[in-house]
Amino acid sequence: MNKLTKHQVSQALSPAASNSKGLRISPEDLLARTNGRVDLEALGQLAGQSIINPRQFDRRTVNAIAQMAAVLEMRNVEIDKPLDGKIAITAFFEPSTRTRLSFESAVQRLDGKVLSVPDGQVTGIAKGESLADIGEMFNTYGDVVIMRHPDTNSMEEIRRNLQRPLINAGNGSGHHPTQALIDWYALLKWRPELATEHCPPERRIHLGIIGTPGSMRAVKSFLRISLMFPGAVSKITIISEMADPVGLDLTEPIEQSVIPITITNDVQKVLPDLDVLYVNSIAFLGDSYRNLDARYKLDRNSKLKPGAVIMHPLARNQELSEDLDETEHNLYFAQAAGAVFVRQAILTAVLDRLDRINGI
Amino acid sequence: MNKLTKHQVSQALSPAASNSKGLRISPEDLLARTNGRVDLEALGQLAGQSIINPRQFDRRTVNAIAQMAAVLEMRNVEIDKPLDGKIAITAFFEPSTRTRLSFESAVQRLDGKVLSVPDGQVTGIAKGESLADIGEMFNTYGDVVIMRHPDTNSMEEIRRNLQRPLINAGNGSGHHPTQALIDWYALLKWRPELATEHCPPERRIHLGIIGTPGSMRAVKSFLRISLMFPGAVSKITIISEMADPVGLDLTEPIEQSVIPITITNDVQKVLPDLDVLYVNSIAFLGDSYRNLDARYKLDRNSKLKPGAVIMHPLARNQELSEDLDETEHNLYFAQAAGAVFVRQAILTAVLDRLDRINGI
Amino acid sequence: MNKLTKHQVSQALSPAASNSKGLRISPEDLLARTNGRVDLEALGQLAGQSIINPRQFDRRTVNAIAQMAAVLEMRNVEIDKPLDGKIAITAFFEPSTRTRLSFESAVQRLDGKVLSVPDGQVTGIAKGESLADIGEMFNTYGDVVIMRHPDTNSMEEIRRNLQRPLINAGNGSGHHPTQALIDWYALLKWRPELATEHCPPERRIHLGIIGTPGSMRAVKSFLRISLMFPGAVSKITIISEMADPVGLDLTEPIEQSVIPITITNDVQKVLPDLDVLYVNSIAFLGDSYRNLDARYKLDRNSKLKPGAVIMHPLARNQELSEDLDETEHNLYFAQAAGAVFVRQAILTAVLDRLDRINGI
């Protein structure tokens, strides 16, 4: 067995591994912008709250969560054990290893514990028991519930009896608020000026979205948060094969927004003008998931603007070629690498344990 | 985001949440009865024992477990970390999210660790491996095994090689001893005089059971423990659609009991006289589960005696209407809310860690 | 409830339970051979390494791992909490409760944490996501990945992006290196002279293998390690119903070995001459698992040499009768009982935490 070099060992075992390919984005600049201080007043308001819909947030809260995530990414706060004694229930009635493990890693890194329901549909929980009864049960089992469910109204249902904070990890065609916060954490690390009220015009972004916000919860939540950043987003273009891709949920916030929004189905035309391109293809239609907007396939030959970045909530299908992974357009791996820190920030705030983290 | 009030936050994050609806029953009165002292001599006998069948217990042990559960419910004993270093294996060959998570919460709250087998039938464990071989495997993996299995003789089978304490979490049409202890914990909190040898006659209960003890393990175990309380239970009425609902297991203990037992299929007639009504509808017949006794449906219009309480091991089907949840007849939510504490009491005793809990 | 004796309690709750039946083999003699000292130089080379194929090892490393396992088996090192703060991901795309729980027990006993994927095929992870993308995801979720997968090339695939150490827990018809180390740990405890360079000729073993190394990964890995012990193994006989049971992987190491290797299909003839008989029947053929070599059934009537021992990686099928369990030929239960300690030794070395174990 060939011994690894000290450098190789410390890389393989580093407490904060970064993405293997694509852009690397450091949290340092983001933190520097606020002199390393986290907006604890905004974060403190999350104590005891459920996180259901991104409309609960405003720009200040989004920025505060990103700052907190940056602190967690830069420092080894695990030694503070901020979630010691807390139990999170991960209840996935629609299985998702990626999202479930992300939350479970976040909890355990901070010394919390996990009760895991990897597949609520096939286990005893599904024997016709109502979500309200399940919520009642969770009251004495854990301190916070993280739920994914194929029914859009499931969050409301379980909260009929649940008295613990509930974190929506995806509800049917509804929302996926923590994913949107992860997405914006990546954007703010990539270009920290976006966090400020008055981003210089030449640093503002033209944001393209390939997907159908109305039936893709991750895209919908990302768009909802993006509307909170009128000083950072100069323009939004939605590229979809659907006639009305936006859906009812966002009609009003879009009308009230000062950001100009265009809808097109001609990806080739708009591509060279975009600074950020958000891609997704999994949509919820009626009562099941389908691959949508899959005729827009991105690869190394796509006419991307130099310096433009691609985002994707992952997992991906054919819409995003692996040949982009090694390019500087790949922000999606860095985006994914920030997920655990954002979820740690949210959980620490919701469980009112910000005071356990030394030196913030 | 609207900040919650301090009171709302502390309720959402309280270490010991109670049930959201129905009767709230405090453990204080139960403990006061023994001047806050737990019968450690009786509890200590559980050290290293397997918990298979309620016939292992007597009234004194049932009371001691209830006292211990009450201490755990009232005090924040998690800081004592009584199960530190202990591993519990939850082996569910018949899936049950409710029971599995209840045990896993109990273990983790006391700082023990969990090896989880949520669905023993579909995982590799089922590749024709014998329960005896599985028991041999568990010897070196964990310190205590919590097993549910559709075969009634499964407990015997695994104990051919298993040297660790085994806790029966339900075996076919056999028993479910921890559920019965949870049921009696609720009764003793609700009316603490039931714990004493000489409960005043007017406080004794007429206990009704809708269900078929012979093929419903939870009901069977509850009835078995109830027979240990002749000074508290003045009368038992079993309401079932089966000709012989009791089954062979309990023939002898019923014959030896001084409590008069009646069997009827006329729920309307007996209902107004009951103080406590225990309801269940899931029965094990031959080799699968079926809904039995489902023609007895309870709702707000049922002619219940004022002050009478309904118990149910949950999950429920149609036999118990949600419109009872908000009434004072609902003891079943409080009953469920005590489950974790009873299981903590049992595990702490079985694993011989009572001495780690300060001040008992 | 009858109180157990102090001895019965301490046996049921002993921190290091041994096997219930068959030979008991103590780690003491093995350690005594090196004056209780572990070869930390050899073990240290595992820091940050992936464990994919037994060809990575040499005799010295195998001995060092066995020594470390022996220390872990003899001492209660859990109080050192050597894996504190580390997260292991157990990703089983081919379910195996036995192997998964063994690793998860090893991690948790040393105070590490676990992210568990009990059945990668049925959960969201399988939605067409590539192993490379899954590896990228794991980079920020955990510190080490333990993977089993039905595809032989899966280890290579996930390592395209995975930067964390990877431990192969079985890959198609490939390898199962930790199982082979467990097997040799049992042999070295059983007859510690085998660890030395010059084992006295009369203590060397004639090793029989019932099985098809070419399509049985556990058998293949065991044979591969056995070839590293020419001073201990005087002869190897492979008993298989296949024409060419060895397969391509081992052609070269077998040719280079000084140990004489014979292939036969006449088990009766060779049986009385064997000192050690390794048995397995699960083979990977094409793309699924099949019971092979099942016509060789061992039971109490088999003509075993006095003092000969039987090994089996378990789970077993019909090839190994339970009537051998109570005999002195049964080394397989002791072999299984060593699994957790060997995996602890590997994980502690790979995660570079040997320095956290006091007094080695």
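Labels A, B and C are assigned to the chains in the order they are written; within every chain, residues are numbered from 1.
Rule of thumb we're sticking to: contacts are C-beta pairs under 8 Å (C-beta built on N, C-alpha and C of every residue); 3 or more make two chains touch, one makes a residue touch a chain.
Only a predicted model underlies this, so the values are computations on that prediction, with no experimental measurement involved.
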### Query
Which chains are shared contacts of subunit B and subunit C?
A
### Task
Since subunit A and subunit B are copies that touch, just let me know if over half of their interface numbering is common to both, same, or not, different.
different
#### Entry: Rotation angle (°) superposing Cα atoms of subunit A on subunit C, nearest 5
120
### Query
Between subunit A and subunit B, what's the gap in Å when you average each chain's C-alpha atoms?
40
#### Entry: Residue numbers of subunit B (touch at least two other chains)
116, 118-119
### Residues on subunit C engaged by subunit A in the complex (per definition of touch)
44-49, 56-58, 61, 85, 87, 89, 113, 115-118, 120, 122-125, 127-130, 132-133, 135-137, 139-143, 161-165, 351-352
### Message
Going by the contact rule set out above, which residues of subunit A touch subunit C in the complex?
### Response
1-4, 8-13, 15-21, 78-79, 94-102, 104-105, 108-109, 116, 118-119, 122, 314-317, 322, 333, 336-337, 339-340
